[in-house]
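Next come the structures, one after another.
Next come two complexes, and both contain chain A; in the first it sits with chain B, in the second with chain C.
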Partner chain A sequence: MRARLLLAALGAGLIALPQFSGNYVLSLATLALYFAFTGQAWNVMMGFAGQLSLGHSLFVGLGAYAAAALFVKFGIGPWAGLWLAMAICVAAGAAIGLLAFRFGISGVYFALLTIAFAEFTRIGFDHIGWLGGPGGLFLKVGQRTSWDLADLRGTPAMFYYVMLALTAGAFALCAWLLKSRAGYYWQAIREDEDAARALGINTFRWKLLAVAISAAMTSLAGVFFAFYYNNLFPEQIFHISQSIEIILGPIVGGVGTLFGPILGAVLLTTLADSLTNLVAAMGLDIPGVKQVFYGVILLLVIMFLPNGIWPPIAKRLGLGRKD
Partner chain B sequence: MSASLVANVVISGLLTGLVYGLMALGLSVIFGVVRVVNFAHGEMMTVAMYAAVLLFGAFKLDPILAALPVAAVFFVIGYALQAGLINPFITRPEHSQFILLVAVATIITNVMLMVFGPDAHSVQTDYQLDSWAIGQIIVDKSRVYAALCALGTTAGLFAFFRFSRTGTAIRACADNHLGALIVGLDVKHLYALTFGLGAACVAVAGCMMTLLVEVAPSVGPSYTLLGFVIVIVGGLGSMPGALLGGVLIGVSEAMAGLFIDPSAKSMFSFALLIVVLLFRPQGLLGRRT
Partner chain C sequence: MALLEIRSLSKSFRGLRAVTRASFEVPEGGLAALIGPNGAGKTTIFNMAAGVYAPDAGEIVFAGNRIDGLRPDQVCAAGVGRTFQVVKPFAGMSVLDNVIVGALRAERRVPEARRLALRILEELNLGAKRDLPASSLTLPDRKRLEVARALATGPRLLLLDEVMAGLRPTECDQMVEVFRELNRDGLTILLIEHVMRAVMALAQQVVVLHHGEIIARGTPAEVVRDPAVLECYLGEETEV
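Up next, the complex of A and B:
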């Protein structure tokens, strides 16, 4: 009950946010929600099913390029394009999962395999001239004054609401998944895969499902990325630093929890932005400050709060560790 | 395309591969004993490369000579890193260790970006453009020196693990952790020693790399990945495997650069990694665990 009230209050606050904040706060909030969403997607694989991916930039990039290519080359809008983006990412995720799980690759080796696929694709896209290669793929920047949902062109408030809807959808989906048969199977696999198999769980199939769902969700973040930023570079979107930024939120917030990815993303985005502003206010222009900050936070959290910051907060709020 | 051109490319790839091998050896030794994957390996090498560049700039110290003090300092840093940061993580789940080192790697890369800026630096030795011509085949002097130093360091490390008492003790820890504890070995100390040795390896490799390539903060992650590719191809934890993997990757990179496109060369390394992971996950010379 208490959790529901808090959730309703949070939702109402987020819906009302554009009414009393400027474009700057809105863009920051959009960024935070973007990382909350991608973190939630990554969490399905790592937090629920225990499969560590360090190559989620692969799905962001493939989703973004699929939707952007359809839009730029054939004039097909994002709402049709996202299906192709999802299909490609599910296929890519299934291919990786199929190969890895069939050959019994797990743990660190699996993480390295995901990095290898992402890096392979990054360099590959550098050599696809049709999509701009290393020079990048650009979407025509449309008007920014009114809402055009069909083509995803419009005001910052529109993008904010789109991202909010995605994040809320992901939250609801994950809450449902966690309580579903799949969720329990995943947690059994995460805790002890051999024991899960001994109980008759087809671990191969359920792990594959986790990868597919995570990939499909992440592809939507890619579609959003393409239409929000309007430019795509393989060096940026497929880069390993992109994958690491995705995992920061859930790790700081709490791997395997529902609120962790959201809390972590919001916290990190606001803190990093304040830090950047602070450094700029001191008249300094040092690249890398934000990343050092991320690194230090990651180090401190993994050392002292290996379960993330959400579980102790949840306890304090009297929400228990139910989620 | 003449045969001598191909021979030239193969030889230069082989020599570079020996330096790659030494870098990967550090990674492999650390994994083989401590069972921790050092995700900050390439970043540590980048720090060594900067150290060599700075020493050369300040004292005109040749990177080959600089390798000694840099390796000594790295040994101490490596020891401290393992003793202070990683030892408490030995009993934690794999992904925790992995993320700990991802954090260390992120900090190293970006601190270097803050300190040295994004531009590339290099070392200009007197002999960097010299080469020996053997018939049709031309071999760069700096590549030969780098490869010889790498081979020498590798031989030293092999000898240490084979013949010294401490080396034997470390191998005992790697073979049987519990057994090592029972016979009274100070496992934590030996782990830290191993990490220090791995760091010293990568320091020497870094100094040698400055003879061959430029250094910029952004190269760290790609060397980490390269190191992973090499040790997994050769066999994670196998010392000869790391050397073999290094040479294989060095030659295949050089060949890909010659026949296809220099910018696509690391794509082949990753493709090789994927193939090896799938069909021989223990690596070419590794043992199944």
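Up next, the complex of A and C:
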């Protein structure tokens, strides 16, 4: 009940936000929601099923390139393109999962495999001339005064609402998954895979499902990325720093929780931006100040709140452990 | 009719013969115990029956079907529940959620599984602790949870690996009572046990394993008088 009230208040605030704020705040909020969404997607794999991915940029990149290529080369809009993006990402996720889970690769080695896939895809895309190679793939920048939802061209407020809808959808999906049979099985696998098997769980199949769902969700973030930024470079979108930024939110907020990834992403994005502005206002030019800030926050959270910021807050609010 | 038949089962680990041509059966509705000194191969037989290892030779037949070489989840689906000697609770989940995971084998939908899990927790006197995280349980409760989870999968045969170890005598007697009740309701049970108090109270049939070979079988009373058994095992343990 309390969780519902909190959620309703949060939702109302977020829906009303564009009425009060300018484009700067909106772009910041969109970025925060973007990381909340991708963090939520990553959390399905790591937080729920215990499979650590350090290569989620693979799914962002593949999704972005799939939808952007369809749009630029064939004039097919994002709402059709996202299905191809999802299909490609699910296939890529399944390939990683099949390889890893069939041969019993888990833990750190699984994480390394996900990095490897993201890295060689990055290098591969550098050599695909049709998609611009290292020079990048560009979408025509549309005019930004009216909403064109069909082609995802419009004002910052439109992009904000699209990202808000995605994040809300991801939240609802995760809440439902966690309470479903899949959610119970994933948590069992995360806690003790041998015991899960002994209880009749085909762990191979359920782990694969977690990867597929996580990949499909992340591909949508990629589609959004392509149409929001209008430019794609393999060096940027497939880069490991993308993957790291995705997982910071849930780790800071609370791995395996529903609100954690959102809270973490919002905190990190707004704080990092404030810090960058502050440094700039002081007339200093410190490259990499954001990364150092992320490092410090991560260190503090791991030292003092290893389960993330959200669980103690949830306790104080009288919410369940999983919320 | 035998529900579980172990036929001439052998297993070696890098040249160490853990189990050598072991054969025995557990009748439908029976309650049998597998005993023997440490390292006799009891848990190895369990692990083969539960699908953790495939045997090098021999067959395991459950309810008329071969189950040797199946995966653990397939063995469970066939109707064999097991507990682990070193308990493996899902530490981050609540006691109730632990049992729901097992119950989802028998009941596909979460609300029904939850109802089944609650009933089983009551049976095992864990009802009051259902909302605690499994990590906060004491060892006797963890053992009970291990049994509850396995029971929730709706097995026809329950393999219990030293669930009495570490329990106080009164707790042990409670567990004995629980298993006797379950057996009366038709569940077939095979247990590995060091606590002779429980074996003598429970088992209708005892199989004694030593260095991977079966050296005696019979009723508890027969087995404890068997000279070979006394020599290898019971002669040193006088807690009977």
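As a working rule, the second predicted complex is superposed on the first by the 321 of 323 C-alpha atoms of A that agree within 3 Å, B and C clash if a C-alpha of one lies under 4 Å from a C-alpha of the other, contacts with A are read in each partner's own complex, and residues count from 1 in each chain.
The definition used in the following text is that contacts are C-beta pairs under 8 Å (C-beta built on N, C-alpha and C of every residue); 3 or more make two chains touch, one makes a residue touch a chain.
For clarity, every value in this text was computed on a predicted model and none was experimentally measured.
Contacts of A:197 after superposition on the shared chain: chain C is touched, whereas chain B is not. Once the two complexes are overlaid on the shared chain, A:187 sits against chain C while remaining clear of chain B. More residues of chain A lie in contact with B than with the other chain of the pair chain B and chain C. By the touch criterion stated above, A:286 is placed in contact with chain B alone, chain C being left untouched. In the superposed pair of complexes, A:229 makes contact with neither chain B nor chain C.
In the superposition on chain A, A:105 makes contact with chain B only, not with chain C. In the superposition on chain A, contact is made by A:244 with chain B only, not with chain C. By the touch criterion stated above, A:179 is placed in contact with chain C alone, chain B being left untouched.
Residues 37, 85, 88, 92, 94-96, 98-100, 102-107, 109-111, 113-114, 118, 217, 221, 225, 228-229, 232, 261, 263-264, 266-267, 270-271, 273-274, 277-279, 281 of chain B touch chain A in their complex.
Listing the residues of chain A that touch chain B in their complex gives 46, 52, 54, 99-100, 103-105, 107-109, 111-113, 115-117, 119-120, 123-124, 126-127, 240-241, 244, 247, 251, 286-289, 291-292, 294-296, 298-299, 302-303, 306.
The touching residues of chain C, when paired with chain A in their complex, are 50-52, 71-73, 76-77, 81-82, 84, 88-93, 97, 100-102, 104-105, 108-110, 113, 133, 149-150, 152-153. The part of chain A that touches chain C in the complex is made up of residues 179-181, 184-185, 187-188, 190-192, 194-203, 256, 321.
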